Amino acid sequence: MNKVRTLEEVLEWIEDGCALMYGGFGGIGTPPALVDGILKKGVKDLTLIGNDTGFPWIGIGRLVTEGRARKAITSHIGSNPNAGRQMEEGTLAVEFHPQGTLAEKIRAGGVGLGGILVDVGVGTMLEEGKGKVEIDGRTYLIEPALTADVAIVHASQADPFGNLVYDKSGRNFNPLVAMAGRLTIAEADEIVPLGSLDPERIVTPGIFVDAVIPGKGVNWIWAWEKQAATGSRNAPHGN
Amino acid sequence: MGMGEASRDRIAERAARELKDGMVVNLGIGIPTRVADFIPSGVRVVFHAENGILGAGPSPVPGEEDPFLCNAGGFPVTLAEGASYCDSAIAFAMIRRGCIDMTVLGALEVSQRGDLANWIVPGKRAAGIGGAMELAQKAKKVVAVMNHVNRDGEPKIRKRCALPLTARECVDLIITDMAVIAVTPEGLELREIMSPYTLEEVVSRTDAELRIPEPERIVYLP
Amino acid sequence: MNKVRTLEEVLEWIEDGCALMYGGFGGIGTPPALVDGILKKGVKDLTLIGNDTGFPWIGIGRLVTEGRARKAITSHIGSNPNAGRQMEEGTLAVEFHPQGTLAEKIRAGGVGLGGILVDVGVGTMLEEGKGKVEIDGRTYLIEPALTADVAIVHASQADPFGNLVYDKSGRNFNPLVAMAGRLTIAEADEIVPLGSLDPERIVTPGIFVDAVIPGKGVNWIWAWEKQAATGSRNAPHGN
Amino acid sequence: MGMGEASRDRIAERAARELKDGMVVNLGIGIPTRVADFIPSGVRVVFHAENGILGAGPSPVPGEEDPFLCNAGGFPVTLAEGASYCDSAIAFAMIRRGCIDMTVLGALEVSQRGDLANWIVPGKRAAGIGGAMELAQKAKKVVAVMNHVNRDGEPKIRKRCALPLTARECVDLIITDMAVIAVTPEGLELREIMSPYTLEEVVSRTDAELRIPEPERIVYLP
């Protein structure tokens, strides 16, 4: 029942051409050591599934920048110009979904549903090629569930069974992604003994997790630090 | 779009005056983000962020940033009293269930019936959709903020949107560098004109029917 | 922003003929003071939506026993013989769903989806009268989302904004139900000041909750206590 | 069904021998619940409960029951090390995603291809479905436990189920008061016979084709 592994061990699960799902939102909550390892192993032709394509040198963005992906199923690529350029050049296929629809498609895969019915996007070009269902006089799009060969997530704490706790807004897509991988790998900043996590605070039960690897903490500067350093305006969401 | 800082701030300041005490609010990226800097005194709102924060607080003191506490734009925030974290699915549940009282979104075009286009220009590089579709379609009040005309000088308020839509009949209020225009069941209604523009300029740069109130009811903003 | 109300105030929201959704599993986690209040107010012709119909004198079962429901959308009525009897007599219409499908139908309503696609029940009589969709060669049933006029939940702690924390297996359907009410009322064993709940431990964000009322604790004997008292065999799930 | 306590315990004890170390297990109500009393020594399993517990522990000492810590049958439990709570949607996510290694379910009928009927008898009062459909359809290994014949003496193992199905082709192993029968791609295969029954009795009370192994390979259980 001890799922703690080394980075090298879990990297064997991630092969050329596989569908790789990742947690994180603008890079925050994307597991850095795993991305680093995938990069160094030289994995290519990935189908990436996640909220966004990060920043050029943050989060999953590094794999995009290095040309390791051939397809991205995502809601936003604006913060990574390399994704946009590759899309124009035809080397990266991009499938856009509304963010909330994407989250629920991933969750649907994670909880073993075939898909969901959403009215977001009805009456827009997102309808094209999609099945529709009418319920009580309202039209819904049929959105199939998403799963992946491997899912990678970042947790602040994990125990050897794979129970996970996240850190603040680093949670984002991680609990959804954790359920949707055929194999799920969690990178945890801290690995604690079995029984030391509060059962009420565990967000991802360990049953969904196949391996836990130790993280090395945040190893890059964040987008806002870069902007702050270059004197750009800080943009708070606050009151 | 070549809009100056002052103009952007004026739009943000005007949008902030739509905030009412107790509202749950989601601010988009760009001008909408600045709305947080102009909240009227005495008004307390709850900020919602798509990455799973209900109750985001002000920016932290420099040096006190937490790398795991950021808003949907990726910028560091703090936490207000009574705030909570959730995953992105639940963050969007709040939007789809109509729990967001107001959102402020950037716009490429708005039609006279309130259709919003703000995510893609065919033939140009698309950044993606993000949370715009859910917010536009489901927030109780949608405020669209933008330049009145595009960089070619063409009206962005139109009878029909030429660009692919984000959502149909969703916008309630349009705030531009020239005017404030309400979308009502009877169509567009001019409410306010921003200095130094004239009524004639607003009308001529709007490609849609615009109901003009009695002259004395038009507010001229400084 | 203070949503703390009295029982009397919130009972005004619960009217004859309304659809009432409730948290709880075998009575555990069903808000006792609210059920008591509904009973005393004399509300009738309810459509009840929840996991089960409790025990005759526990949880939502009391409303069934007193003949206050005309319909139950549920997964199990076995622990409440009154529900079975009323079903046979034709005074209670019962719509059965597999438990996991019911949970997801309620959640779908709570998160604003139109419905879900499930393969559980394909090839059984549950197919009858249901729409079907084929995805990648697999058949799924179309299961519309469920919402209700009023949802009642039980929390161990609540703050005045309506943020909720649950108690152990008392969580069960409560977080799903809390999102699916047009009006949601939480009965909390303890109401704590704003800011005193750990933001990482809040399960139901207050935005989904319309009113919080103070609970009076568990006011009945549980099914197992009764069985223990009568000498029946205790049936543990343990190792 | 008029089955004695000893017989029920023997079935539960035999089912418990299917448990392997490290398995995640869900036990249905009735005989299946008793399986927990017969876990072989040295075997550690994780108990899953539909009401949102992964890692339910043994019954508490009388007087130490927690009214908010019960299993799906409503009986008080404790918590094993490494356990967690979740809502019922996630509890069923575990089932639908195939995370449950084994389940033990009561049965009304099992067909020779492993169809299970265990929730409704037309014309009789139905208790409901509960979690049986998800468990039957999605658990990696499904063990059906029941009396070999019904109270009218009719076989409950049949070519085809007469009762409405819970799930098709889901049962892996049938354990009754008379025998242990595996459902294989080639059909039903007799594995074990419970004392005091004979091979002839088992065959005559089974309304389905039954592959009988070489006599020396049949296990006779005391």
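Which chain is which? They are A, B, C and D, in the order written, and residues in each are numbered from 1.
Everything below uses one rule, namely that contacts are C-beta pairs under 8 Å (C-beta built on N, C-alpha and C of every residue); 3 or more make two chains touch, one makes a residue touch a chain.
Note that the coordinates shown come from a computational prediction; the quantities given were computed from them, not determined experimentally.
*Asks:* Would you pick out the chains that touch subunit C and also touch subunit D?
*Replies:* Touching subunit C as well as subunit D, we find A.
*Asks:* Check A-B against B-C and say which one is joined by more contacting C-beta pairs.
*Replies:* A-B
*Asks:* Of the other chains, whose C-alpha centre is the longest way from the centre of subunit A?
*Replies:* Measuring from the centre of subunit A, the most distant chain centre belongs to D.
*Asks:* Please report how many Å separate the Cα centroid of subunit A from that of subunit B, as a whole number.
*Replies:* 28
*Asks:* Averaging only over C-alpha atoms, locate the centres of subunit A and subunit D and give their separation in whole Å.
*Replies:* Here subunit A and subunit D have centroids separated by 38 Å.
*Asks:* What whole-Å value do you get for the distance between subunit A and subunit C if each is reduced to the mean of its CA atoms?
*Replies:* 32
*Asks:* Quick one: which residues in subunit A touch 2 or more of the other chains?
*Replies:* Only 104, 111, 113, 119, 166, 168, 199-200 qualify.
*Asks:* In subunit B, what residues contact two or more other chains?
*Replies:* Residues 44, 85-86, 89, 92, 95-96, 138.
*Asks:* Go through the chains and record each pair that touches.
*Replies:* By the stated definition, chains touch in these pairs: A-B, A-C, A-D, B-C, C-D.
*Asks:* Where on subunit D does subunit C make contact in their complex?
*Replies:* 27, 29, 33-34, 36-37, 39, 44-45, 47, 49-53, 56-59, 62, 65-80, 85-89, 91-93, 95-96, 120, 125-134, 137-138, 164-168
*Asks:* Considering only the defined contacts, which subunit C positions touch subunit A in the complex?
*Replies:* The contact residues of subunit C facing subunit A are 104, 108, 111, 113-119, 131, 133, 135-136, 138, 140, 142, 144-145, 165-166, 168, 198-201.
*Asks:* Spell out the part of subunit C that touches subunit D in their complex, as residue ranges.
*Replies:* The contact residues of subunit C facing subunit D are 25-29, 51-52, 55, 74-79, 84-85, 87-88, 94, 96-101, 103-104, 107, 119-121, 123-126, 156, 166-176, 203, 218, 222-225, 228, 234-239.
*Asks:* Of all residues in subunit C, which touch subunit B in the complex?
*Replies:* Subunit C residues touching subunit B: 1, 110-113, 159-161, 163, 179, 194-195, 197, 199-200, 202, 205-208.
*Asks:* Which residues of subunit B touch subunit C in the complex?
*Replies:* It is residues 22, 24, 44, 46, 48, 54-55, 79, 81-86, 89-90, 92-99, 138 of subunit B that touch subunit C.
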